[in-house]
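Next come two complexes, and both contain chain A; in the first it sits with chain B, in the second with chain C.
And now, the complex of A and B:
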């Protein structure tokens, strides 16, 4: 409300968006899909993967400029954005070829490559088993949302990788698995081995809490402690595994319905 | 390990996260490298996650996470120096001191590092010994540049020569 709006043309279609909207958000808001790898709506854009390239033109200012749409903020009137111009597509193709040279066996990249018409990548892969594309989603979710900063980028150039401090099991890791959840290439594995939750990539191995109702181990103790602090949840609630929580909630609800027949939920 | 020096450095610079690099530089001067415990202490005092401190310490060539020798030799392998044969000079230094690039001699006297352009290309090939620039280096000059420091080291420590360690470089180059 009261926001300044700007008009932009996306693939020839005029649209009005609040000033400062990113080109990516603007495009998606009108149903134009731009492929991304390092973007997540819940995290600060990072511009690492370069997949979201688009061509931006200022009418009367000659040829367009290739920018990463996830970090390009629309701040002026009348920009023309072409999400799939010849140049943008050609550059995007190169990006995927380079990513494939790093991670030849990542399915998602193979699929992207196929979509872009890459039959055979021009560059030879050095390693066959690498599956981290260094998008930084895991690092960012751990820092920005979970607030633990258990992992970070280390090294530089070809030596760049995500790791725990001093390559030792991270003391800050609570085993929440958010990193694995956001990782686009499934480079991080979470294992639940009864009473232990393990994230081998970070050397994490944590004691899990058993559900007080069914006895199933369902989440690391430290994670649940953090959660109950952060979300101000009733601690008792976190004594139950998600399935039992659902059952108990459903039972409470049904019992509650019977107790108050004037409930708005009625049949037919 | 005695971490009071870390506390002093932080005291001097202020416990401000934006002072991280300055603090790390001074800590490295105190300990000659960045010991793990010192980095953990810095993280704690500046209120920065250890992962971030590690990441920064790991990023810059100027920081070392492994002990360095008393003397630091840096050889430029930048383009200008490279085309004038700095790789042969590097080999010569490695042979003379029995140490690999990125490593430290067994007697802890010399660390040998490679750098990419020191901004003194006109003088190339360039070797920097303890901060002193030696331009227009040649294979035959290696001996004379190292001699004074080696002689002083030998006088101070008559038992050991500069034997090889094959020590790794930064932890990150694994």
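And now, the complex of A and C:
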């Protein structure tokens, strides 16, 4: 193919990757694991969590440079990348300690800390119940992929948090739950309470549509409206829940068989 | 282009296809170990009952697949000559739009970890020259894996046979 390939050395192992590949992707492609929290293959790299730090050296240019591997694109020949160099590990450890100071009771961070050999974080935690690490995955998913931008970062410095505009329930939220799915620390919760879909963190409470066949509430009205518009579907397509649609499709199959004169159908 | 075709008159409703599918998509690929796995391996073929008639339903790998069109992450793709709709789990963001729009209800969500389960026509097995697990497990050969062109051809042949039978009989009785 017409892609330009570049050679790079990752942890002493030479590998050829297409130009513009990020250091993280290159490392993962040869099975080198770099811890990440804010990376998602479907999203534009963001470099928020700083866990993916690696040391990049350009031969003949002295000491290496610490970069976030998810946002570092390999664009030249012969770079040497050390994913677990002493410096990178030391900095990564500090990052985890700082994250632990923000969210001391998040299991994922505690596990990461243990892996990096942190017995007791040097910094004391301010709040015990905080579980948002400000990785921005939810914000980016909502904006880039779902296209709703219902939530965003608000405030600066220590006051920075993810919330809906003016902390009011957002009208843009369609209750799809993608933010909850991508959240690495499970800080967002989606609840289906009969006719309501609730995302308490955003104050969202949406009316769900009942299936016309079985009566089960299966998805928020606004979400289904969006899907119909997006696919230009006929209005009654999304009146049935997925399970009922499967049964209806099966029924149609049988009816179709019965109607065709050529095929004898087992009498039931 | 090969697809899983079902001759529903032969289906017993034994659900061997479901079990074989779940085992094939488990980590261990062994029935006894698969039961113990967490999360529980999920099946991608679902036997539905309509008027007591069992019908196995799985992804049709539609030409203009709504799930592929609606997927915001392009995690569902339809590629290659075979046109198989495949899901890349790493890219999934769990919006479940594919589940909501599938006209056959053939895309399912595993509740425990919100993972989308859909038929991949056992691409791994196919690359080893094997048939999809459900087809291989079907004891009555109700499920078959064959080229789509052959399906039309078989139908044509059986229709021709019917036609012959109906035209030959009267002359036989008349003469």
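We take it that the second predicted complex is superposed on the first by the 233 of 268 C-alpha atoms of A that agree within 3 Å, B and C clash if a C-alpha of one lies under 4 Å from a C-alpha of the other, contacts with A are read in each partner's own complex, and residues count from 1 in each chain.
Please note the rule applied: a residue touches a chain if its C-beta (ideal position, glycine included) is under 8 Å from a C-beta of that chain, and two chains touch if they have at least 3 such contacts.
Quick caveat, the model's predicted, so the values are computed rather than measured.
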item: First (chain B), second (chain C), both or neither touched by A:28; value: neither
item: First, second, both or neither for A:178, with chain B first and chain C second; value: second
item: Partner chain in contact with A:84 - chain B first, chain C second, else both or neither; value: neither
item: First (chain B), second (chain C), both or neither touched by A:73; value: neither
item: When both partners are placed on the shared chain, which of chain B and chain C touches more of chain A; value: C
item: Touching partner for A:152 - first (chain B), second (chain C), both, neither; value: first
item: Partner chain in contact with A:165 - chain B first, chain C second, else both or neither; value: first
item: Residues on chain C engaged by chain A in the complex (per definition of touch); value: 8-9, 46, 48, 50-53, 55, 57, 66, 69-70, 72-75, 88, 90-97, 99-108, 114, 158-159, 162
item: Touching residues on chain A, where the partner in the complex is chain B; value: 143, 148-156, 159, 164-167, 170-172
item: Chain A partner contacts - residues on chain B that touch it in the complex; value: 36, 39, 49-55, 58-59, 171-174
item: Parts of chain A lying in touch with chain C, wherever the complex brings them together; value: 40-42, 141, 145-147, 176-178, 180-182, 218-219, 223-224, 227, 230-231, 233, 237-238, 242-251, 253-254, 257, 262-266, 268
